[in-house]
Each structure stands twice: as structure tokens, then as C-alpha cells.
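Input: a single structure, listed below in C-alpha cells.
Think of it as A, B and C in the order they're written, each chain with its own count starting at 1.
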């Protein structure tokens, strides 16, 4: 494996503001203006500050920016917990169909029957996949789905008269939980209690028993857990949580590991979110948009966000606003519809047989990879992994100062994206690796070779990596000490120094 | 499907001493479940079926449509549509690894700069889920940055779905939403604001141009708000308005949000959209969302990276400024592209065209016999009007003429307002406006 | 960049310490407080410091300052009861002083102690070194 074959484009590309030629006498697109509207003078602005760049130069600017960005379409992207699978190309153009793009969210229901039918199909499919009967498609992302779920749990206990400063005031999470879990619970007004994981990385059932009480509103869990290990005690966990009168929440981030094998409803969860942009392969867009639908039990269904799509008696689809128990809305209109349509297309394309193979292949790839690298990069907990795993670079770190960060940076030189580094925090020098089902054996072997070869490279070289990317090691300490978030702030800073 | 054949998987597993069955033996038998959905279908069949289902929609192309209310139909330049297909940007994750994602980071840095300039504030983040939830985060931030204050004041003419969103965002912080009446001009009643505001008020939340298309008196509102020690949060539902109007920061807003969908992509049944979020320097470290900062690399060249991450959930957990993780980055890239394609003059012309169309629409509706309660001074691209007959009946009647004449106010507002709220943008043709005016005359 | 790997840490003999890695220098009933060399090394480069205000009253164990590195946030706890009489405002513009000179220019606050006897309960040099090696 040779780190000297990959080269990312390296353009010395100025920003749009450096390229700004100043306002042109006329705009490029002639929209009709009549100058009939004379807005009150006190509100009229002279300049906005939009850069004016020749169209040819603009296109080159955009193309160069794309070339200096690394996506799944470029190469292997084993970023743990993010499920960076290859995005099937079939669903993509469907989100750009004029018959979808040109439907207004407040159109008459009769004018939106096509899209409503698709959203209804997706609600049904997600209910079946989650093993939970009721679905809202509104949340814009996984974290918003978590927030919705915590709001619903809070309203449910309010209706039961159980919310007080002493009761149902707390949400319990494992210390290995994704940061969004405690943050979402806190945003919904709960105190957060973190419980330590057992030495095997799994929920310490005894610690959970001690932690839950009438104070507990919910326990948030993902299964397989953050270390990629299946929580075998999940039935017992559900029993403990339910005996305390609390709800069990499933974080759908790791759903790619269990399709066709088990489901959150069967495991005893009351409510969950899906990350459709992870599990059902809509492209991640450099950080969104995604979508985070929520599914729940009969008991919680009245609290779901509205509107939801229902099928009327006459066979027409309608938007249902629920009743006063619904939490209402968390974002505008009906959800990230373009993302949801891609997810539906992916689910239909794969079906029950295909989705089961997705999981089997993802788990096979992860276990193959782990077995190949475990001598150099050992993992805590049991050997059998699900779709991802967490190894430690502690040995390399102790030996020669090459830790998780350095291994990740050096991988970039091989044309492979870094795993998630330094998360979870309960494993030292952690590298969280998720190959997904769409990497070929050839790609997996290349990743193995790269990881092993980094361990043998001169530490001095590895510590200064990367070299083959558009920028050398970026000084994030400087950025945080002196935050410059706009071009104008940079100019002022440079003028001042 | 893009999966290795099962025989390859079996062979690969055999090399490391596993069988496929081994991999799932950790799932207890009582909870094992197979998938209860239909089997997979060929690509072409899924594609054709979804296309033909979507064809059942009646789109903005099929009828003259006057719908706004938070989602706006504007023309999207070809450069933006071209960029929407670039796989490197489309299939990247959040740019945690700065060195290999300089292009995306630079684009987001440009987006932050444009957002700050448009809203006339110091700093902006890389975007929120949509304008409505960005406003929710803004109001929550107002609560968090004022001590022992729990009340948010907002005019009753905010659409009820956006009011519901605000309520959800502030519930956990023990915030309460109190409403202010509407003035005869269709804006926030300033006397009522002065009466209602006190040392319990954490924030005043205003939308401008508001749901009736009116421009709010932000100068006076800012003064009253700041005298009471509260924060002013302002939401601009259609960002194109800021090609003509000053941004909220100009009037002293502490936090401003907007909806960027109008410049990123067509309505798409309401999502995805794009929240813009900007603050003054004093509140930089309290803001939610992802931030990109300018710095340098090992060669001392300009470089960008995500910064001030300690505010965020993956580090501060339950004490984070927000739970936001995945947001709408790709739309931020598209938004930036549209603005750059327009340039300063083009963008100002776009806003001018919208104001002209909105004004023409209001005038024509009034001439044709509709009651237009708020017409002077001119607003932006939306207008409230009462047709000669009941609003729902009129909308039904209009269907037969291939017109969607606006959103019934009682559905959008739920505040007792009658009539329809109509929107005209640069895409609205004079023929469409004629058709709507003629219909009003016909039913009079 | 290489914090944590084979680096010896300085631990002055004349200072008192806490298990949470603060150092305390008591003179005339005043306690000057900072974080130890070991602590700054674990934190990596400090990029931002949130300081208390003068006259704030603290009880032993109160979190009174926040230190941020690029990827972590740590509270600093009051080792003793006291009133804040001096704050090192230099840290606002130069948080790196905590890394560069933890026992000198990187001090954080001076407390006017409410109960001088509390100083006796702090760890001495040897006890602290044992604690960091444990």
C-alpha cells in the first residue's frame, strides 16, 4: 500500500469575495421590474454585499471547491456511526422530478395526491421496519427526531399528571451515548443522568436498575451500541425501564446492523427515530439535509408531530392534524420531503430481501475488517461485532506518539477518509470504524493494508500528515483562539495586525 | 442493488473463521424478526412507479399558483442546478477532516459571510433545518441569554405552525409565548408591546415582512425591546426580501433568522429547506449549529476548519447550545451558488421584481373587487385579501379555472383572520394575475 | 501537539494540590489558583477561558471557571471557600498562558479565603504526584 499515489486537487482558490468585481450595471437574469412598488425609504438598503463574479469564473470556482472535497463518490469513507454507504444513483433524480419540486406544501390536498401517496407508503414501510405502528415524517434530522421523542414523552407524562420536580424529570443515557442524546433530552427540559457502561462496553444492568426510579422519564439506547456490540440483555433492560414506569427510546443511528434480524419494537422499545440518510442511503450533502422520522407505540401515537398523512375512506390521502395532545410542529410543513422520497425509492428497490442482505453484508464487512486489524488495533468488549467497531491506537500512542488523530490524518494520504476519532470517550485513542455494506473486499483490503502500514511508517512522517490533500495539517487551535467566521472579519483582523 | 454476491461474502468470512450465521448469534431468539415489507423491485420499475405517482400532483406548472406562507417559488439559476449534481459535495459527510474537505469548508465560510451580510449582523452559522426551526432556536437562545426571564412576546399574526414550533423549542426552558395584537396597519401593535413588556420578558420575536406581507417597524420595536432589557429576535420568511430591505441587524436585532429555501431549491412540498442564523459578536459563543472558521495550514496557506465545537452536543452533551448535528449543508452550498450567480445587481433586481409583482397583485385584486385590508404603504410579495365570497368556496371555484388563489388565512393563521394570503414572485406572469383578477370580478 | 506521550510533568514542591488538578499557593490568607502542568497537558491547547467575576463568593467544590480546548471542556473547581479578589484577565486574550506557564502567568484567580484551615486538607507535592501516577 503506497501513500504516494493519491493526490487531491490543490487549487489556490480565492473566495467569492476576493473575486468580487463590484456591482454590474445590470443583472444576469432579466426578471420583470416595473418600479411600481415604492417601499418606505427608511427600510431601503443601498448595498447588500453580494459578490459579482463572471459566470465562467464562478463555475470554475464551484468545480474547484468540489474537487477539494472528499465524498463517498470519491473513496472509502469508514466514518463510524455515520453509515457512509455508497448512495445508489437511482433514487437521486427522483428528488429532482419537476412533479415533486413544483408542489407547494400548502397546495390543496387534491393537488398533492401523488406526493401524499408516497409519504404514506414510506410511513407504512418505516412502521414495518421499526416494528412500531405509528410514524411521523416531520423531523429534519436524527437529532430533531430525538428531540421530538423527548417532547412526546414529556407531554405523555404531563397528561398522566406525573411530571414534577421529583418525578419523570430525568432521562438516563449510557456514557457511551451519542452526544445528541443528552443534548436532546436537556433541550426538552429533562435532567440527564449518565450511567457508566460495563467493562464489556454494554449497559451495566445493575447500574441501570439502581439509576431508574419514578424520577426517570426515559432511557435512551442504541442497539447495537456505540462499540458495535449487540446488547444481548435488551429484553431485561426493557423490563427494568418499564417496571420503573419509564419509556425506552431507540436511537436509530445503528439500524443498519439489524435490518431483517430484529427490530426496535420486538426489542421492547416504545419510541425511536430513523436516520434515513444513513440507513436508506440518501447522500449526506456535507452535513445534510437528512431526515429523522419518529415511530412509536399506540400509547404515544397521539403525541406525534402533525400533520401526518392518512388515507381517507374515499381512497384519497389527507393531512391529519390530530388533536390537542399532539406536540404540534418542530419544523415547517411536512418534513424533508426530497430526502424522504429518496429513502422510499431505496427501500422499495431493496425490499425485505435486499435490506436483509444490506445488514448481512455490512456486518460481514465490519467483522472481516476487525479480524484483519485486531492485532495492531485491538478493541474492547467481545470479539463479535455488528456493523461497526471501536479499536484503540493506544499502543502506537504510547510507543511513538501516533494516536487516533494521527492515524486518521495519515489515512487521508492513502485516499481513504479517516474513521471517527476520539469517540466514544470511554475508549482511549479510539478509532470508530464502519465500512458499510457497499465497500468491496478489494476496498476493505486496501483499508487494512493502509492501517497496518501506518503502524510501520516513520512516526515523524505520520505525525505531520497529511501531505497529499488540498491543505496540510490545519491549525484548528488558531481558529478556535481567534474565531473568524466571515470574510469581513478576516479583513478586519488582517487590517488590525 | 450494489452488494457483493453472497458467495463472495461467505468466502470472505471463511478467511477470518466466520459463517454468516455466526454473525447474528448474539441476537436472542425471542426478539429475532424478519422484515415484513415486500421484496425488492427492479430499479426501472421503482423509478417508473414513483414518477407516475408524482405525476398525479397538480404542480405550479399546471396552474396559476399564488402560494407563499413560508415556502416560495423562485427561479433557480442553472449554475445552482448544475452544482446540485456534484458527487463530491453531495456525498461528503460533515467536514470533520478539514484537510481533505477544504472546498466544502470554503463554500460554507462563504455562506456564513453572505448570511451575516444579508441579515446585517456580525457572524452566522452554516445553517439550520429550516427558517421556522431556526426561529425556534433563536427564541430559545433569547431565553438562555437573559437571566430569570421566561416570557417571549410575539404578534398574533405569526402563522400557527411557526408558533407551534416556537412553543416546542421553548417548553424545555420553561418559556411561555404571549401574543400581541395586530395594529390597523397589519403590523405589531407598538402600544400593546410597550404595555406587555416588562422585566419578565426574555425576548420579542418578530417576522418581517410578516405573514400579511407587511414590513414591521423594527426601529421602534428594537428600542422598546432593548429598553426593557430583552432580546430582539427577527425572522425573515423569504430571504429575497433583503435585496431591497435592510437586514434585522440594521435595526438592532440581537439574533436574526431567515428562510433560505427561496434561493436554494423550489418548494419540493416544503422540504428540504434552509435556516439562516446570525448573531452579533456578543452572542457568538452561545449560538447553536456548526461554524466554520478561517485559519492556516502547516504551510501557512489560508485554510478553513470547523471551529468553536465545544458549544456542540458531541462535546458539551447535555450542556450544549443545541442538539443539532446533521443540518442542511448542501442547501447552503446551493444558496451560495444562486447568490453568486445573481451578483449584487441581479439580486437587487430579483427583490425589486418581487416587490413590484406583489404590489401589482394587491392593486389588481383591489380593483377587481376584493377587499385588501393592508395596502399602504406597499409591502413585499404577499398580500391578504378577502374575495367577494367565502375563502374556501373561492378556492374551490378557482380550482375549476386552474388557479390556486392563495392560502386560506384561517388555515395558515388560525387567529380569526378571514380571506386568503396570496404571493406573487418574479415567476408570476401578468397572465396569471389577470386570470385571478378576472375570477374575482366574475364571482362578485 | 504531542502532549501525553513520554513527557515528564513539572510539580513544584512548595504548592498544594487537589485531586481535580488545581494547584493552590496560600499566602496571608489569600489563595492563588491555577491548574497543574499535568492538567494542561491532558487538556491540550487551551483556546478559551471563561472566568468568574471579582467579588464572586465561592464554596469549596464550586465550578468557577471553564477551560476549553479544541475538543474538550473542563470545569475548574474552587479548592477552598473564598471570595474572588483577583482574576487573570490576560487569559481572555491569551488562553495559551495556561499551557505555556501553568504555575506562573497562567494563574486563574486569587481567592480571599474564608477558612484558612482548609489549606491543610489539600494534597502536598508527594500526594499529588502519587495521585497522577495512580
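Everything below uses one rule, namely that a residue touches a chain if its C-beta (ideal position, glycine included) is under 8 Å from a C-beta of that chain, and two chains touch if they have at least 3 such contacts.
All figures in this text were calculated on a predicted structure; none of them were measured in a lab.
From the centre of chain C, which other chain's Cα mean sits the farthest off?
It is B.
Closest chain to the overall C-alpha centroid, by per-chain C-alpha centroid: which is it?
Per-chain C-alpha centroids ranked by distance to the global centroid put A first.
Taking each chain's centre as the mean of its CA atoms, how far is chain A from chain C in angstrom?
One centre to the other, that is 37 Å.
Return the distance between the CA-based centres of chain A and chain B, expressed in whole Å.
20
Just curious, how far off is chain C from chain B if you go by their C-alpha centres, in Å?
A distance of 45 Å separates the two centres.
Residue numbers in chain B touching 2 or more other chains?
Residues 309-310, 315-316, 319 of chain B touch two or more partner chains.
Mind pulling the chain C residues that touch 2 or more other chains?
48, 68, 70-71
Residues of chain A touching 2+ other chains?
Where chain A meets two or more other chains at a single residue, that happens at 476, 480.
For chain C, which residues count as touching chain B in their complex?
48, 68-73
Provide the residue numbers of chain C that touch chain A in the complex, in ascending order.
Those residues of chain C that touch chain A are 1-2, 4-6, 45, 47-48, 68, 70-71, 95-96.
Under the touch definition given earlier, write down the residues of chain A that touch chain C in their complex.
On the chain A side, the touching residues are 397-398, 400-401, 403, 422, 463, 476-477, 480-481.
With touch defined as at the start, can you tell me which chain B residues reach chain C in the complex?
Per the stated touch rule, the residues are 285, 309-310, 315-316, 319.
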